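Right after this note come the structures.
Both complexes shown next keep chain A, but they swap its partner, so chain B is in the first and chain C is in the second.
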Partner chain A sequence: MNGMNKMNRKTNYLSDKNPLRNIKSCLTRNISGWIFMLPCILGLIIFTWYPMVQGVYMSFCKTRGYDIVVFTGLQNYIKILHNTVFLKALGNSFKYVFWCFVLGFGLPIILSILVNEIRKGQQTFRVLMYLPTMVPGIAASLIWAIMLNPGPTGLFNTLLSKFDMGPLGWLEDAKLVIPTIALTCTWSGFGATTIWYLSSLQSIDTSLYEVATIDGAGFWKRVWHITLPHLSPMIRLGIVSQIIGTFSIFQQVFVLTGGGPNNASMNLAMLSYNYAFVSMNMGTSAAVGVIQSLILMVISTVLYRKTDKGDIHG
Partner chain B sequence: MAKERADSQVKRTSIIMESELRTLRYGALYKGIFVLILVFCLITMLPVLWVLVSSTKDIDEFYRIPPTIIPQSFHPEKIGQVWKMLDFGKAYLNTIVMAIGTVFFSIAGNGLMAYSLSRIKPKGSDLILKLLFLTMLLPTGGTLAAKMKLIVDFPIFHINFINTPWPMWIMGMASCFTIIWFKDYFDSVSQSVIEAARLDGLGEVGIFTKIMMPLCKPVIFYQVIMNINHAWADYFWPMLVFKNKSLQTVMVRALALQGKLAMDEQLIMLTFVMLPPMIFFVIFQKKFMYGMDGGAVKG
Partner chain C sequence: MKKHKKLQRVVTSVLMAAMAVSFTACNLNTAKKNDNEEVKITIGGWPVPESQPEKNELYNKYLEEYKSLYPNVEVSTVEYSYSLEQFMSRYVSGQQPDVYYAPFTEPKRLADTGYIRDVTDEMKSRGFDKAIDPQILEVVTRDGKYYGLPTDAYMMGLLCNVELFEKAGLVDKNGVPIYPKTYKELAETAKIIKQKTGVSGFDIPTTGTEGGWMLMNIAWSNGVKFLEETEDGKYKPAFETQEMYDTLQYIKDLKWKYNVFPDTVLNGTAGVQKLFGIKQTAMIITSNVNINDIVTKYKFNKDKLSFTNLPAGSKKRCALIGGGCQLMGANLSDAQVKACFDWLALLGNTSTYSQDDLDKIEKDLKAQQADGKVITRPVLSIWTNKERTNAINKVYDKYINVDEKLWSVNQNDVVLRTEEPVAAQQLYSVLSNAMQEVILDENSDIKAVVANAAATLQKDYLDNME
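Right, the complex of A and B next:
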């Protein structure tokens, strides 16, 4: 595409006999091009590039309020690395990834394969599956907070009592809190992922199924030998984006527990927020954020290396 | 291409063959799959359904032991009372203003940027494109404090953006993913149409408004819908920026009221919060799915 564009432009210049007009049109083209980009570039500088640079610098400084007091080198980092809450938050960030993976990785794949079988009313099912994703995150978390009320009147405990199971602590149980939050994340996210896999299933070559059927392959054999291999590049990309996404979940933790009970559900994103807006310690907050970013970069580089890049972008 | 996809029906690519459906074994399997998905959908809809049906029940019923799951009382008049009490009309209005601004700035800012990167390609724009891809790879952790510092005291001009929607609008104006998304689409528009218009003496602005815009109606409409939806659900920066109660958006109000309301009032409030985007989605479902099917970010 790029090459063709250049060629076209060249023929334009050749066909035009007045060289002065050429220079002028080239100049206006460049100027209008940059004017078109200007608002967006300004936006990028203000709220993306400058904060990135400033954030890294801030993490090496002692701060008071929003102001930088003095450059202190690695002091913020040394301080947090000796902090038990930080170490716990670091571990918990990986626990979130683990539980979100356990609960939410296979589900959309299975659902998409099954929904793709439906002949009548498939669109209705698609809409029904996508609806939880459309509930705004804050509303979803507030609803979960009410339903997961640890008392006997909470909806979940009421349902459990129908099966003669005791009331659970859910979000107030230090052992249960991360899986429970992961469950709410899965609820909010599975619909979009299912639709995403479904769009890939639409491009499958159906003659493969016909051939397999003639060869006598049953339903599960067709899924195993045709459908899953077809989905595999999407699945690999799905794993990568899920891990990156769940490592830094914030909204659910923020609304449901705020990191409690006793930091049992604290992760790095929540800790960075707390340092910034609860204890007003911007330098430390930035340091936590930078560490989180570094870990994410390492994770994503390793994962992208492992997965075949050509397949992902295809 | 993308335009066709948006309107196309769902293609049939099912694993079970049409002929097999009539056999006993596959007929049963198909019915089993159907029932399984139906039950699953009902279970996942449970939280939403529960809020909708429970919100109008008697306050005493919430604290009855054993608790009721299917409500036994019905008080629709409470809906109007809570709406007035919480002044949600104001919050809706604030959110709509936020959304309109976000749509405008996002499409104008990102759209023009993508157009320039894709079609005009001024000198040095390839460097900007490389920077964009690099930015997408870099996580934004650690920028929290720096962004807040910009909002409370903007350098050089010393403007305080607290209680104004500008921070959200400027953030919306420059989104790497939206730029790349637009650029992908602009790249797919035939180059010869534009070259012909340029030879006819149409300026860059004219080409953008008279040729690109009409061609790109489906993507722009999709972006409008996505931005409205995003603006409705956005809470983080609005929460930190809108300190004044009369300026707060729906999400910020919902967060501020968490735990401060009686159970029935809280459920009614949650209905106000979640119903508009859900209705919006049901109306524009094809458009939402279009983004997933045809135009998803490939970069």
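Right, the complex of A and C next:
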């Protein structure tokens, strides 16, 4: 009964028609909770929400440096839509998502399942897989650039020559450049994602596997009927975060190609950078950022809604 | 409820007290500045003690001297000077030094951000407007106003690896490389070097804005005109011409006809310098100021370096002017600007020279020598006074530590060019893409590439200019 009274009290102040009284009531009743949350909320306001709002506002303004000169409405957006590289950059952003998905989506899931099956030396495998994540991004990109030397003496081309193939242009080939950058991203990111899936797998009740084994289920059946359904929410989150991460990929593009050859690897993030630091136009750069965010919001929402209707696995 | 009210009262009191203190502090500061003309400046680009111990010590002495001469100026120093990516963020967050060194490519575009100071009055009152070569002054001029003080200048030249020339049998009886006099000769020389040594004969940056920047040297020499001012004061591309087609065809031929480039063709300036430094290319277009990097980073034997004028194109022999200038923050007061100029004057940057200025140059050279730097005679003087240039050269002559017979660069033999008046960086970016297209695609249509570059420049940049 006591619990019911408390719940009634809570719903009462929320159902009050005066919103100000609602907020005041909410604040005063949970004052200690709000005080505990205050540093975090302040941090979010100062370092996340305010810059975001400022960025969106800036995208509608003519700027000089970081200073807003005048509100110009959709002028920056019109400028971007007329930019000769914009459509290419937009298409390339999707290509990065596609190639990163093809190369990097299944690998961590497979590896996590395999490592989870290992009884001895699992810790070593975990460390080995996580190592690429620990290499600083710029250093990793520079090492990749050396290995991807387009001449016959480049590491990858030397390997290809053993099979009477190549040499390939890799980062200097307009057709190969995006899959190649996606490959470097996958190398950097797969370890952390594998550990992430692995932690989820290890929370599965082992008795489920034992029962399935007694019932005669083999490895594939156990994976299909126990492991994948359990991983399903993580996979859904993984897809969304991978799309967000790869759609706005910047560091690898900046270091490895700068958007070249001849804009073949240019994406929206790189275009935004060029507006900001080549043309010194922060307003237009912010507008590219807003477009990118809007696209990602739409994709994420659609994906969540689609996958919410059923698990990834059957 | 009582507890909440008490808390409210405490918070309000603390806030009121904090505001009162800050207002008082502000008033005190203002009063102090107005009464005593006390100013505070931050000097950027301070010599790093680990890599330039002698220069650091020398600058510390200068600072002591400055403090005794100008006790009203509070000076702080930082090693950071300028970087394009950090500049705006540092400026708005108050971390950009008040006076700092930046390359010639920057003043015009930084003036557009409103974050660097118009120093016209101070420049004129100190006589720099008359003392500095007008072509050099143009680099720091935007809308008739000066936005920085040029301190040094260079022009592009051809840097050669003497060892590779020797291996290719391309040296005279004195061991001096047989320099290409024209760009056609450059291609042929590079081809011979590649055939005889297996190493790339010539390399040029092709990425970012650096590719286009370097291409200007060849294009101007072929007579390319890049921009044309229209009647309404706007600009339009003017490079859809045979001269530009020839220039890009030349770049294309270097790859597909002469095959002189290294395996990796998409490089920036740093990448090209690295390839030269590790002896993977025999010739590059660069300036004498970058030679120190090549020698110190890649342990290149400075006695096997040769620097000469750029070759001639079909019309003339042009070289791009580069250099550096001291810029100041837009938020500086007149008194702070004066304090910054006083500091620069103490380093020897004065419009009229004296023995004291020459002594300072000598001290600086001694410090550089002790720090293991390569010292060559300045290839380009910023001063209009020839007497001053000669006097400076005489001081340099005492400290030159390269094989002089291998240094034959001479500003009188070339036509010096500065950047295009507007959208220079955007032009370079567009040209870099054009270079990439012709180098990577053997079947590229030069006319279409040039037309596309001109259309992109017009649509993406020139049309948006006010």
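Structure notes:
Here, the second predicted complex is superposed on the first by the 250 of 314 C-alpha atoms of A that agree within 3 Å, B and C clash if a C-alpha of one lies under 4 Å from a C-alpha of the other, contacts with A are read in each partner's own complex, and residues count from 1 in each chain.
In this text, a residue touches a chain if its C-beta (ideal position, glycine included) is under 8 Å from a C-beta of that chain, and two chains touch if they have at least 3 such contacts.
Every value quoted in this text rests on a predicted model; they were computed, and no experiment measured them.
In the superposition on chain A, contact of A:Thr153 is made with both chain B and chain C.
In the superposition on chain A, A:Arg126 makes contact with chain B only, not with chain C.
Touch criterion not met for A:Val102: it reaches neither chain B nor chain C.
In the superposition on chain A, A:Ser59 makes contact with chain B only, not with chain C.
With both structures placed on the common chain, the touch criterion links A:Met282 to chain B and to chain C. In the superposed model, A:Val211 makes contact with neither chain B nor chain C. Once chain A of one complex is fitted onto chain A of the other, the partner contacts of A:Glu117 are limited to chain B, with no touch recorded for chain C.
Put simply, more of the residues of chain A are touched by B, taking chain B and chain C as the two choices. Shared contact residues on chain A (touching chain B in one structure, chain C in the other): 28, 31, 66-67, 152-153, 277, 282. For chain C in complex with chain A, the touching residues are 4, 84-85, 88-89, 91-92, 109-110, 112-115, 206-209, 262-266, 268, 425-426, 429, 432-434, 436-437, 440, 455-456, 459-461, 464.
By the touch criterion stated above, chain A contacts chain B in their complex at residues 1, 4-5, 8, 12, 28-34, 36-37, 39-44, 46-52, 54-56, 58-59, 63, 66-67, 111, 113-119, 122-123, 125-132, 134-140, 142-147, 152-153, 155, 158-159, 161, 187, 190, 192, 195-196, 199, 201-204, 206, 209-210, 213, 219, 222-223, 226-227, 248, 250-251, 255, 268-269, 272-273, 276-277, 282-283, 285-293, 296-297, 300, 313.
Looking at the complex, you find that chain B touches chain A at residues 10-17, 20, 26, 29-30, 33-34, 36-37, 40-41, 44-45, 47-48, 50-51, 62-63, 65-67, 69, 108-110, 112-113, 115-117, 120-125, 128, 135, 137-150, 152-153, 167, 170-171, 173-174, 176, 179, 187, 191-192, 195, 198-199, 203-205, 208, 229, 232-233, 235-236, 240, 251, 254-255, 258, 263, 266-267, 270, 273-274, 277-278, 280-282, 285, 288-289, 292-293, 296, 298-299. Residues 28, 31, 64-67, 79, 82-85, 149-154, 169, 171-174, 257-258, 260-263, 274, 277-280, 282 of chain A are the ones touching chain C in the complex.
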